[in-house]
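Handing you a structure now.
In order of appearance the chains are A, B, C, D, E, F and G, and numbering begins at 1 in each one.
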Amino acid sequence: MELVFVILIGVLYAGGIFMLLRRSMVRLLIGIALLGNGANLLIFLLGGITKGKPPVIGDAARVFTDIYADPIPQALILTAIVISFGLQAFAIVLLKRVYVLVNSDDLDDLNTPEEEDI
Amino acid sequence: MTDIIIGILCTLGALTILIAAVGILRMPDFYLRLSVTVKAATLGGGLLLSAAAVYFTDEVSVTTKALAIIFFLILTGPVAAHLIGRTAYVIGTEQWKGTIRDDLTGMYHKDSTEPGSGENAEENGGHEVPPAS
Amino acid sequence: MTSNAVVLPFIVHLFTAILLLFFWRKTVAQRIISVMGSTLALTVAIGLFSSVWNDGILTMQAAGWAAPFGISFVADVFSSSMVLLTSFSGLAVAVYSATGISRGRMLFGYFPMFHFLLMGLNGAYLTGDIFNLYVWFEVIIIASFVLMSLGGRKAQIEGSVKYMAMNILASTFFLTGIGILYGITGSLNIADLSLKVGAMENRKLVDMTAIFFIVGFGIKSAVFPLYFWLPSSYHTPPSAVAAIFGGLLTKVGIYALFRIFTLIFVPDDFLSNLLIVLAVLTVLTGTFGAVIKNNIRRLLSYLIVCHIGFMVGGLGMYSEVALAGALFYLFHDMMVKTNIFLIAGLIRKLRGTMNMDKIGGLYAEYPLLSLLMAVVLFSLVGIPPLSGFWPKIYLFEAGFMDHHYALVAAIIIGSFATLYVIAKMWAKVFWKSQPEGIAGVEDGFRPMSNFRRSLLVGPIVFLAAITLFIGLGAEHIVTVVNHIVREMKDTSPYIQAVLEMHVSP
Amino acid sequence: MKSTILKTASSYLLPILLLFSIFILLRGHYLPGGGFVGGLIASIAFVLHSFTHDTEATLQLLRIHPRALIPVGLGVSALSMFVPFLGGLPVMTGLWFDEPVPVIGLIGSALVFDLGVYLVVIGVVLTVLFTISQYSE
Amino acid sequence: MTLSGYIDYVILPILGLSLLLTFVRLFKGPNIVDRVIALDLLITVGVSVITVYSISTQESTFIDVGMILALIAFLGTIAFSYYLEKRGRK
Amino acid sequence: MLIAVLSGLLFSLLYIPFGKYLKGRLAVVAALLPIGLFAYFCSFIPAVSAGNAQVFQYPWIPSMGVNLDFRLDGLSLLFSLLITGIGSLIFLYASAYLKGHPYLGRFYAYLCLFMAAMLGVVLSDNVLLLFVFWELTSISSFFLIGFNNDDAASRKNSLMALAVTGGGGFLLMGGLVLMGHLSGTYSIREMFASNEFLKAHALYPLILALVFMGAFTKSAQFPFHFWLPGAMKAPTPVSAYLHSATMVKAGIYLLARLYPVLGGTDWWTYPLIVVGGITMLYSAFHSIFRTDLKGILAYSTISALGILVFLIGIGTTQALLAAAVFILVHALYKASLFLTTGVIDHETGTRDVTKLSGLRLVLMPLAVAGLLAGLSSAGLPYTFGFIGKDLIYEATLNTGGAMPVILTSLAVITNILLLYAGLLAGLKPFTGSLPSSFADIHLPHWLMWTPPVLLALLGIAFGAFPALADTALLNPAAAAMINESIDSPLKIWHGFNLVLLLSGTTLVLGAVLYLMRKPSAASVTWMARFDHISPKHIMGRTVQYAAKSAAVYTKTLHNGYLRVYLLCIILFAIGLLAFRLFTGGPVQWTINELGPVTSYELIVAGILIGAMYLTVTTPSRLAAIAAIGVIGYCICLLFVFYSAPDLAMTQFTIDTLTVVLFVLVLFKLPPFLNFANRSVRIRDGVVATCFGAIISLIAIQVLNEPTDKTVSQYYGDNAYLLAKGKNVVNVILVDFRGMDTMFEIVVLSIAAIGVYSLLKLRLRASDKD
Amino acid sequence: MAKQFLMNLLLAFIWVALTGALYYSNFLFGFGVGFFLMWVMNRGGTDDRYFTRVPKVIGFFLYFVYEMVKANIQVAYDVITPKYFMKPGIVKYPMNAKTDFEINMLSTVISLTPGTLIIDVSEDRKVLYIHVMYLRDKEQFIRQIKDGFERRLLEVIR
């Protein structure tokens, strides 16, 4: 399965980058989301993946008796997911403001010429 | 013995879900797809969750959860279906050419998403012909 | 040595910010709390610096888990100096904000954001854990997004979008780098990573990991060709915000570069040359931009880029002298850039614009204020004996020592351009008489009460005094800087302090 | 959205989801869950409510503006992090009551910390969503 | 064949196939509402997959994930309806 | 000695608050400082001429080797006396010249600063300390030249002066640091020891190039001379001070000072002779095409500076002695001429030499001063100028090889032209008939006419009695340049020889030229025709071109298109990663240990890829959002399969919320843009694919490395025993790595508050910040 | 009625406590035993609604499952065979259900049986609009629902 993960990660990064390079801000935000997912999956994979053994100590046990998945990447990803949610929420609202200002989500409308500086 | 019960429940559930999946793919219009999938998925999911409830009888909480999920599915599935179905109708999603009756035609005012009262509906009468949109 | 005090610099800001959130919509209380919080933070920072200076590296293992199992916080001379300088800037900007920020912004969380930002900066300096550093960086960028866009004017939003997109991309690179690092070492503690990465046999993989950090931190510190967000955005927010951004934000990227590239990835030829090439291009790019800009803050934005090149170049050369020069420049730059953006804000207060063609006559009208500003401006240029001069000696020396003539040339060009641009600005803004008939230009400063004026000018004086100290008392700075360079060149005390074990150098 | 069916359904769902969210919060230390997911579920409950009624109604139901919930949650977490400091221990050190409390289990600073997380998440999600939906209206 | 084997080699593939078919509908559309219900079904099937997987691995913790999915999937559909109706009314 | 330098700085500071009291007569008080300092330096004459250099040392930044090391030897003393002596007169003169000027206090502040900086330059025994003061002279002269800052030309010229001298300054700094680095010390005195090493070093030419650039720019050598005539925009006392004795001579001083360390090689000699020669000739020639008195003086000053560089280039003892003498000669007569010009300008309101005549009738004492200074510059016997000229010819004649002929003829031509210029400035305004418009002019305040007279008289005095200065001042000065003692008294009369012949020729030809040629506006216009090939214009155009290029560069690179910026960043990353990936070692393409693949996992992966395809290609925003929803759910399923229930829960809830957020925000957005044409999409697709492929390859490399699991093992072992939790992930989140979580919720909070403020805050126009 | 239900629950809990085994099956068994005992003790009593209601609930549930399975098979057949047998349409259905809860239950039940789906409720809450897959005759369909689900459902919940 590692190889499948490797491919998926590549696809997520590639898709994210492609969307990042679009002119529409919605696509840009989607690109950001995709990259975030890619990075999470990368951490997940590189930390080592284990199937069907969540890092939860059994009811009666006090320590693990069996192998278990590495909990650290999971904790890291959890943090990263939540953080990127915060960033994305803000970014999405920024999109809203952009729309109110320029009436489109075209990033090329966001180039006020320097002469208008105050 | 339990294993066999579980096996049967699983098989039935999986097949039901497969039918839902085939249904959503095959049905000719949105309303039919919706109609097929909501219940088949609920039934299929319910069967599989029952299997889990049986499997984990030793862990009370798990069985409770399995039952709770069934409950949620039953509670939310139809509501969601109703909403999206109505929305689809409001925004004018096409019906299959084989549709034979549409009592909702003209029920939505321009500025409202609720159909007029039943009395008004009576006056307007039903339409045998599907709306072309 | 273990000490709980290590975490205080950011804890103070955390609680200040939370307290400020409880005083939502009470602007007077917010101003007072903010200034008090910043003062407390400065006190704590001074205390931390002096105890680190006297007693050596201090560590704190969060929740009591020994490194590398928990998150370590480490105060060495480098980090505690950064904390100290940040606190200076922080206090100055807090006071300046009291009148420099409009009430509208204060009603919508300006001060809490400001303290969250400072908290993030302090956390980033003090953490000894690479993933925790990521979290701090995220605190910093989200707080800066908010500060940058707060108010929602069109230019601000435009700047924010670009700023946001590129900074999030930077975070992605950073996070990817962390994932790889964990994948090859199984650890996140920087001291532990230092040992483990150092022992890695697959140097190619190490280099590639390093590239992710170069790109990630490079974007944050605005290195060519990753700098684009900076000139796109720094001219948009309120001046107090721009001051913190200009003075501190890119510098935390530089700090991270120095940390990571002295502790985890020690530059080999490939990385070293790469950094130097980037530095040269950064300086030149900043120079070209600064020369042609006519808006004070746009011009200053390019100067930031230009001067980032000096520091990155110093890191790239990696000799002791070079590091010392880069660090000295870093310290100088933090103070001066903060101040210079405050000054830009004051100019805007005085004239209602930052377009140099529309401003004039400040020298005739406000001679003392102008001279005060001149001191800062010429410190920025590095007119000896002001603060920007001394580090260049080290940088030149290092450049000659290792034959990096292109870098030396770039620094000369950059310095010259800075001189020219600042002198031009002086001539236009201060000497030239106020052009007639410019619409919408009004003096917002004169009608103020003396108290409010002093809140604007006081911080500038305060920072200018620190700058003068850095310049005239350069010996002190040099001592500190050389101490830091020793820390960087021999990391075993750091590792030993964090891992509480003996490490042979 | 005006829908009788949805409205009725959501009035059952709100308490169920809230109950569930507390359940998820409390057991986080032993089984999957915790403050984050708990908070997310709780906020989803309110979001659902706001979809069916309107934002104002949900705000009334909440009594406190979600934005004001943020500093409360942050304060709870920050204090649970900081209290050990006052006792000379490293920040974040887990402090536990010796005896487990029935139903909830062991009570310690970790749980308080998670509670803060829970509150913050609710405050955050609701602030974001309500602000947006009020803006569109 | 053990129960676990039966699930792994028969039930899960069937469910996987269902996922795939549902996704095809999502991919094809043609209307956004079709995509929305496909998404909803995808999640419901996902709940089933998770349930069955938890039986196969004898890990009851996964059921909790299924529970959250079942509870929340609803929200997405409602949001889409909300949006589409508002836009439709415009 | 530190006090001597610092007092200027101190007074300069004091003038900021107290300057406004310096009005009217009181202004004379300001001159007390330079007078006092002059006296102070005079007191060192006996000791220094006896060969005892005065040394003062005080540590400043010992770690960098920068210390307050001052050293007063002959050269420094000569300059110090010039600086303070002429300074005294300038201070006095200015008190009358700028009487009633509103910014007189400010003027004195700059002047004091400048004087202190100049003293610092000539007294420093540490190259870096010298450089500190060097730059201070640039800055303070910037303020002085731009003193009349309402005038656009004044601003422009001061900026130009600063740009040229400042730019040279940075190069000089490079040279000085390099010198210091190679010789291991920044002390000039200690560098003497390593002069052989330096001269033999491969970097010696670089040092010279850098130092020369500093000196040439400061001392207005061709082709950097053009800032100096521009600097004449300054008030006349400033011009007199800066261009006679001080600022422009700093470069000369530097060359002289470093001669013992760097001088005497071919690398030293030829550049200086060539540059000095061109400068002296070029400017002398230029000076005769001016009609503005100050212009004439400016060009003749440049020419004189050229002569000095030329002499230092020749570098023989004679040449250096000649240089020392000429420094003094030039300072005296040029200051006098400038001050005279100042009075003329002040009284008549014009400096146009074609309009000025007959002023002797109204400004008699100045006519005397002008005459004497003019004669001194002409080098008439019994003037100090005569001695100077003699020495120059002697020096040029005594160089070896074919050089003497060329060099001497250069010197002669230059001197002829300079003579003409001197007469034009000193004589022309006073001779002839007085125009009626000047009839009611009367002599100004005595403080304005005594200084030029005094300076001119000094010129005569030294000329008549060279012993006044030779052993006391000039020999020690030259000695300092060659770092050996000299005892060579100056003589008025050398007997009939070639030198005398040359002097005579110079005099005669110069006089003839003066009598034959009348300055006219026409000649100025004629000269202006060559402006476009003048260095000033070439440099101006270069600067313009550079600015234009900078603008093009900046606009091209920083073009406002976010996607281009992002593309740059990504291409950069791809380039670096690919370079490192494919160089220096094998790339692994397969993973050693692979877990099994099951059908349902493959299906989930397939759906993910399909959803990605949909996201990327769909023209509908909502479809794209539904598709990223699917991607999130697929990842959620993968998390379930691979033992991460917590992650799956969070991923799912957050994914749903994100979809909800998107959906809420998308209201009213216009149709999805798809402006990019096919080729752009292909380009981006290729870039994106490359990036994805590189990430995948790196992942494979990492998977082939063994992973250390100590830390996660520790967590697993202690989660329950020490941290009392069984869900290890949650224990990590709230305990082991709780600090991450603490600040992660801060991130969330900030985002929420940001959203709130972004949408609710409406700034009013009155909200200015 | 509620009192009786609570009593029954209490008896079930006591049973669980007595046997000391907290299993679902055990709880259900306890509930059944309790119900039987209460029924026995209440024989001849006036208020026997509780004892009829419980069988009705069970009956409704079985009816529902039966209908669902039946209709599911019908739909499944249609789905997996190539030809479409459907005659879909949207039917206006006047309901007897009054309260929100009743309407909700009714619509849930209708929606969950294959072939029918609630699209909307009229503003005055008197009419349901039902999408029907196999609509042969409108009146027959309405009668079928009225006598089937709606009657049984209202019996259970009213």
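We adopt the following convention: contacts are C-beta pairs under 8 Å (C-beta built on N, C-alpha and C of every residue); 3 or more make two chains touch, one makes a residue touch a chain.
Everything numeric in this text was worked out from a predicted model, so none of it was measured.
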item	value
Topological distance between chain B and chain C, in contact steps	2
Mutual neighbours - chains that touch chain F and chain G alike	D
Most remote chain, CA-based centroid, reference being chain C	G
A-E against B-D, pair bridged by the larger set of C-beta contacts	B-D
Of all other chains, the one whose Cα centre sits farthest from chain E	F
Length of the line joining the C-alpha centres of chain D and chain F, rounded to whole Å	61
Chain C-chain D separation of Cα centroids, rounded to whole Å	36
For chain E paired with chain G, centre-to-centre distance based on mean C-alpha positions, whole Å	26
Chain A-chain C separation of Cα centroids, rounded to whole Å	27
Per-residue overlap in chain A, given as positions that touch at least 2 other chains	16, 20, 28, 38, 42, 45-48, 51-54, 56, 72, 78-79, 82-83, 86-87, 89-90, 93-94, 96-97, 107, 110-111
Per-residue overlap in chain C, given as positions that touch at least 2 other chains	14, 21, 62-63, 131, 135, 138, 142, 145-146, 149, 152, 161-162, 165, 169, 176, 180, 183-184, 188, 352
Set of chain B residues in contact with two or more other chains	22, 34, 42, 72, 75-79, 81-83, 86, 113-114
Pairs of chains found to touch, sorted by chain label	A-C, A-D, A-E, A-F, B-D, B-E, B-G, C-D, C-F, D-E, D-F, D-G, E-F
List of chain E residues in touch with chain B within their complex	3, 6-7, 10-11, 14-15, 17-22, 24-25, 31, 33-34, 36-38, 40-41, 44-45, 47-48, 51-52, 54-55, 60, 63-64, 66-67, 70-71, 73-74, 77-78, 80-81, 84-85, 87-89
Sites on chain E touched by chain F in the complex	8, 12-13, 15-17, 19-20, 23, 26-27, 29, 32, 35-36, 38-39, 42-43, 46, 49-50, 53, 61-62, 64-65, 68-69, 72-73, 75-76, 79-80, 82-83, 86-87, 90
List of chain B residues in touch with chain D within their complex	72, 75-76, 78-79, 82-83, 86, 112-114
Chain D partner contacts - residues on chain G that touch it in the complex	100-101, 103-104, 107, 118, 120-121, 125
Footprint of chain A on chain C - complex, ascending	131, 134-135, 138, 141-142, 145-146, 149, 152, 154-155, 157-158, 160-162, 164-165, 168-169, 171-172, 175-176, 178-180, 182-184, 188, 235, 293-295, 298, 348, 352-355, 440
